[in-house]
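Next up: the structures, one after another.
You will see two complexes here that share chain A, one where it goes with chain B and one where it goes with chain C.
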Partner chain A sequence: MNIFSSITYTLHAATQASIYYYPLIFLGIVAFVMLALGIRNIDRKVFAGITFAAVLISMIMILLDPYDEVVVGNNALLFNRFTMFFAVILIISVLYIIFPAIRGLKSKPEIFYATLLFVLIGMLVSAFSYNLIIIFVSFEAVSLGTYVLAGYGKQKRHLEASAKYFFTGTIGTAFTVFGLSFFYTATGTFSLTSEVISSSPAMLIALIFLLIGFGFKLAIFPMHQWAIDAYDGTENSVSAFLSTGTKILAFMILIKIFLVGFAGDYHDIFLLFVILSVFSMTYANLAALSQNNLKRLLAYSSVAQAGYLILVIALVGYTGIGNVAYVAIAAGMFYSLVYIFMKGGSFLAMNLVNRESVSVSDVAGLARKSPVTALSFAILLMGLAGIPFTGGFTAKYYLFLSLIEGNLWWLAVIAILNSAISVFYYFRVIMFMFWKEPTSEDHFNLTAYSKAPVIASAVIMVALFFFFYLLPTLNGMAPGLFATMGGI
Partner chain B sequence: MDLFIVTSISMILFAIGLYGIMTSNIGIKMLISIEILINAAMLNLVAVAINFSSVDPLILALFVIAIAAAESVIGISLLTAIYRKYGKVSLSLLREIRW
Partner chain C sequence: MFMLAIFIVLILLSFATFFMGTRAGVFAKSSAALILMLTVVYAFLNFSGTGAGGFTSESTYAFASGIGIYFSIGVDGLTVSLLILSAVISLIALLIANRKEYTASFYGLMLLTETGLFGILLSRDFLFFYIFWEIVLVPMYFIIGRYGGERKDTVSLKFFVYTHIGSVFILLSILTLFSYYYSYSGVFTLQMSTLLNSAFINNSGYLPLFWKDFMLFGFLLGFLVKLPSFPLHSWLPDSYTTAPYPATVMLAGGLSLMGGYGLFGILLPIYSTINITVLWVLIALGIISLLYFAFTAMFQMNMKRMMAYASASAMGFVTISFAAGILDSTLSIRSIELSGGIFQIVAHGIIMALIFSVLYFITENTGKENIYQMGGVHREMPWLSSFLLAGFLASLGLPGLAGFIGEFSIVVGMFQTVGWLIFFVILAMIVTASYHIWTAQRSLYGAYNENLGKIKDASRSEIAILASVTLVIFVLGVYPNLIFGIISAYVGGII
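This part shows the complex of A and B:
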């Protein structure tokens, strides 16, 4: 009787929330139709157009939904403005690698785009979910899809990158499953609510195992080595997606699991994340200083950016849930939005050079060939360094400001020193672009497909600098993270 | 059975799997080691389910079985593609990406 009533309740809630499922169902139908269209010999640009339209329509559908705190089942799915924000961010990260990816698609483009749509469905489900089983399954859907995307080109470099990504990723999966079993031992539930107040040894083991499992995808310091090789070896658009989409997804899941599920254990979370964040930032910035390969330099810089991102978790662990925590989470949300444009745009800028592995000296003289593109790439790099008049400055400013508000000024000092170090290697690239002679004449690939995304994301970067008024809105969304904890 | 004993056994299995991954360079061996890792975690899940007399961990275990199967499919197809390029499935051959 009890089970029966709970099933009917769940079904009732599910039909009530059915409007929120339409984007997911729509994306799934489009993906299958596209796979079916693959038997006809259709041009790859048509597939790209279909995918772009479908993803854009699903984003509009999500933006038009009312989003007034609908819960399905026992926190299985939760639709509010916080989850919607991350869903839209993840959609954007897929949206603008669709057309740049055309260049690398030699055969069977429908499989690439269908896989991309299936990955997007997994991302959206895990953005909306507050249940560890559903988060795990949808996260694995994303991982499996990205293994395929990484090895898509089937050249030696792609296969090596995909193999490294696959083996580290599956080890991460095993750690996650083990951590989930310990989470259940400690709490007796898989849904993310603050039911456990005290910390126990099983909880600590679960904390460490889940951190290792999801940290592999976020590529923070001890778990970062695969990321450098995988970003270097894959197609440029795929490495843009790996370093934006899956990274922001892992960040969002870490926020949910550690700030909501481990609400009784904030002290350990603070210690762990401070150590990991300081090591990621410092190590990655120092390693990037001596890099000559541009893609590896960007990969190291994305490890450092992950270090900045998890400062949010450390800060909330230090201050506890309150106004400062909301400001920090809002800063993290804004940082994620800016990060997608600056990191994705600079990885897509690698398409400008017609080489398999792009070294720093390959972009020399780009300003002479195409001043606008060089300026756009420079703006993206300055955004990564956090220099004013780019969105990166605003994001870093709010992050460090929230650190100081939470009385963690020493951590803010470390982070600012690290940004200062990072300026050196970004400016080395900018210097090569503007003040060095090109090594050879015809290795630049200045078509519209390679230029447009760089210029577009640079324009958005400058626009995001003036989005100060977005912060109060994000502040209003941030308490939605703790919606399952019963009105704290 | 006591939860502690089963958890210890699954920990030992997990350690064996990790050892297998760290010491081997052959792709198939690594896939088998990963299966051991995931099965160790699943053993623990089943023990927790019996201990709590709850069905939730068993549901997760079913999903993990499906995901592990999908993972081995992708792994084996990846190793097949590597075999076509290199003639071996030894991962130490993968040396294209250098700095």
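This part shows the complex of A and C:
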């Protein structure tokens, strides 16, 4: 009876869950089909179209899935509204770069797009997973894929960036594995539940090692240097993906691991994340002030943005699980959504300039060439700076609101001063765009492929400003993060 | 409802201006005139004769009611007078703009600035108040950066970042009120009328003392930057000098208006929560502003820069009147004091509009801004010189002109509170009078500077604009009750 019922239970769970696997299986099949099609000499636009359609279909499939809480295995995979929200925004981050990437694909486009789909599968699995081993494996799948994407392109600097990314990424992986083993020593499980709240000192070691490991991927302060070089060196669309997709993924994994797996160590989490976030924001904003290379400037700004994002973790560590924590997590979710558009859009705006490395003075005179594009880019930069009538303002508003509600006023002051400093370098770019004389006449690449994503993200950016009512919805989703902890 | 309609019309007109091409100038000018007319009609219908100063209309539209976000607008005695002021200065600023280089986007941005000012004054919801507060900076930044004078790029950046840092503290204060009001009443709301509740703010059981101070500090910092007051002014001279003259008119009237509205519209309703020490610090800052800016203005060579300091100096009166008015114990004097402060904001805006407009025409015709490069220009341009003199006289507070009313009621009112400190104020007034007269003497009268060659006087349309502004200043000077009544009704409703 016992064995029989457990088997039926597992079977039941699997059949229930199978509907959630369809998008993953579908993406995998499309990827292999594309690799097979690659033997024929098919135009790269066709591959882009196939990928776009496949990713869009998988997004619709996920959106149509029921929102019930379904757990597979021993918390191996969890399907609820929280995980699905992140799955959808990760899909958006991929969807975003498919067409803009065409420009850099001189040969073998099928491999690029198939890799992108494999990366997406890895992302989705780790979005759904609450088991450290599965998170680790799927995250490595993502990392390996992105090493390939980063090296795509025939130039030496692409390879250099990819190599740098690969080496630091591997070091990060090593730390992660080390942290995992300590986690297992302390708790005896890889599952992210609070069933085992361990007070073993090994837990602290695990915390620090996991933080370093995933901190590399999130590119927060002491672990950020690779990101500056890698974003600078890779193809624009790939750097857009690296700074949005993988970053949001790492953020989501950090939330899961630290807020769920380390529920007994909230005080340490608070301290560590406050320090990291304050240093990330301050250092990156100050470093960006003196940057003349536009891509490096954006890279530093994404380090600073990661600093804002992990404020959420610090805040939850401070207040504990409760209503304020849900507001904070909802703010983090909204920020992630907005971040993909503003950061991805600004990196894709680099496509507007036909230069190897884009410096700030290269965008000078863009307003004269194409006022709409310049205005769109300006809106994206204003979003990053948090000026009203952009989604960036709404996102920052909720973030600071949750900080104040959690009584962390000094952190709010630091964050808000940082965001005021950042206005300086964003507006410096706007100033160049609108009022400086162009360095040469014909270095702009104003084709539809380079203009459309910028304009589209600017429109979405403005639209997101009005999505105030999204927050109550997200607030309802946020408790889903703690679903495996039971009783909360 | 009528006001909301005006506001929506203004938004539409300002966006339409961008697409008007060569006719944008005429379109923007007539739009600004239309808006002024409608606002005046609205004010006349709602506020004339009855002595009403409270809210005549407040309408609320749910935006995201679950988290307390409503779009709600309302008009009271303070805001209606400031609305008229911002409509007037926008109209003046647009009317005097006549250069060829001012394209459609210039006029559109100017109207957008006016939209922002209207939004600030109309919003009765803190979130939208803050949003408009921030959004005013953006068109101003683009105007200074694109059409400004020397070093326009760095100055516009400085202007934006400096005033933005001031603003973000307002956001923190708003969030503080929002989150503590929730624990006080269990309701999420950002409505000004609900949050600005002295009983709630003074209740240290719900709003801890630290958070109360934090909140007041944030608001004061944000407002004093815009006003500007003494230690927070360094964006002002550069921005005023670099901005094109029409934008300077907007800056002088509009940004000071924002700071003044912050003090009298946001902080005055909760005056009983403000600590006495803070009020004395404000009085000290006001007196330092008066004196320091007056002396700095005295030694400026550049007329535009001098008037920038003069404008900041005049705003010192506003800070003093706010703090001293709250400190006053006699109700009638308190009312005079506070109303004088609000009147000063209005008068200052219009007077500065006149002076900067005249300076604009003089600079256009002579190509000079420096006091010592002029001299005796009255011989060649009697009209402009006379208007400038009129502006100067109003600015130094000559009885019979608008500047006098505000200063007089402030000085009379504050004597009871500040005691012997009044001597510093009198000193500042003497210094103000002397540098105005001295400047007029050096630049307008005396021997004609022959290096200037042949210069032409103002055209007829320019004279018409300047004359009507002067007329407004004169009328406000001899019949201040035109708006003083509304203002004191508003003040009376609060204290």
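The criterion applied here is as follows: the second predicted complex is superposed on the first by the 472 of 488 C-alpha atoms of A that agree within 3 Å, B and C clash if a C-alpha of one lies under 4 Å from a C-alpha of the other, contacts with A are read in each partner's own complex, and residues count from 1 in each chain.
Criterion: a contact is a pair of C-beta atoms (placed from the backbone, for glycine too) under 8 Å apart; a residue touches a chain by one contact, two chains touch by 3 or more.
Keep in mind it's a predicted model, so treat the numbers as computed, not measured.
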item: Which of chain B and chain C A:P201 touches, first, second, both or neither; value: neither
item: Touching partner for A:S419 - first (chain B), second (chain C), both, neither; value: second
item: Chain A: partner with more touched residues, chain B or chain C; value: B
item: Touched partner set for A:E160, first chain B, second chain C, both or neither; value: first
item: First (chain B), second (chain C), both or neither touched by A:E405; value: second
item: First (chain B), second (chain C), both or neither touched by A:K436; value: second
item: Residue ranges of chain A in contact with chain C within the complex; value: 382, 387-389, 393, 397, 400-401, 404-405, 409, 412-413, 416-417, 419-421, 423-424, 427-428, 431, 434-436, 468-469, 471-472
item: Chain A partner contacts - residues on chain C that touch it in the complex; value: 63-64, 66-67, 69, 127, 130-132, 134-135, 138, 141-142, 145-146, 152-153, 156-157, 160-161, 164-165, 168-169, 171-172, 175-176, 178-179, 182, 211, 214
item: Residues on chain B engaged by chain A in the complex (per definition of touch); value: 3, 7, 10, 14, 17-18, 21, 27, 30, 34, 37-38, 40-42, 44-45, 48, 51-52, 54, 56-57, 59-60, 63-64, 67, 70-71, 74-75, 78, 81-82, 85, 91, 94-97, 99
item: Residues of chain A defined as touching chain B within the complex; value: 132-133, 136-137, 140, 144, 147-148, 151, 154, 156-157, 159-164, 166-167, 170-171, 173-174, 177-178, 180-182, 184-185, 188-190, 229, 232-233, 291-293, 296, 357
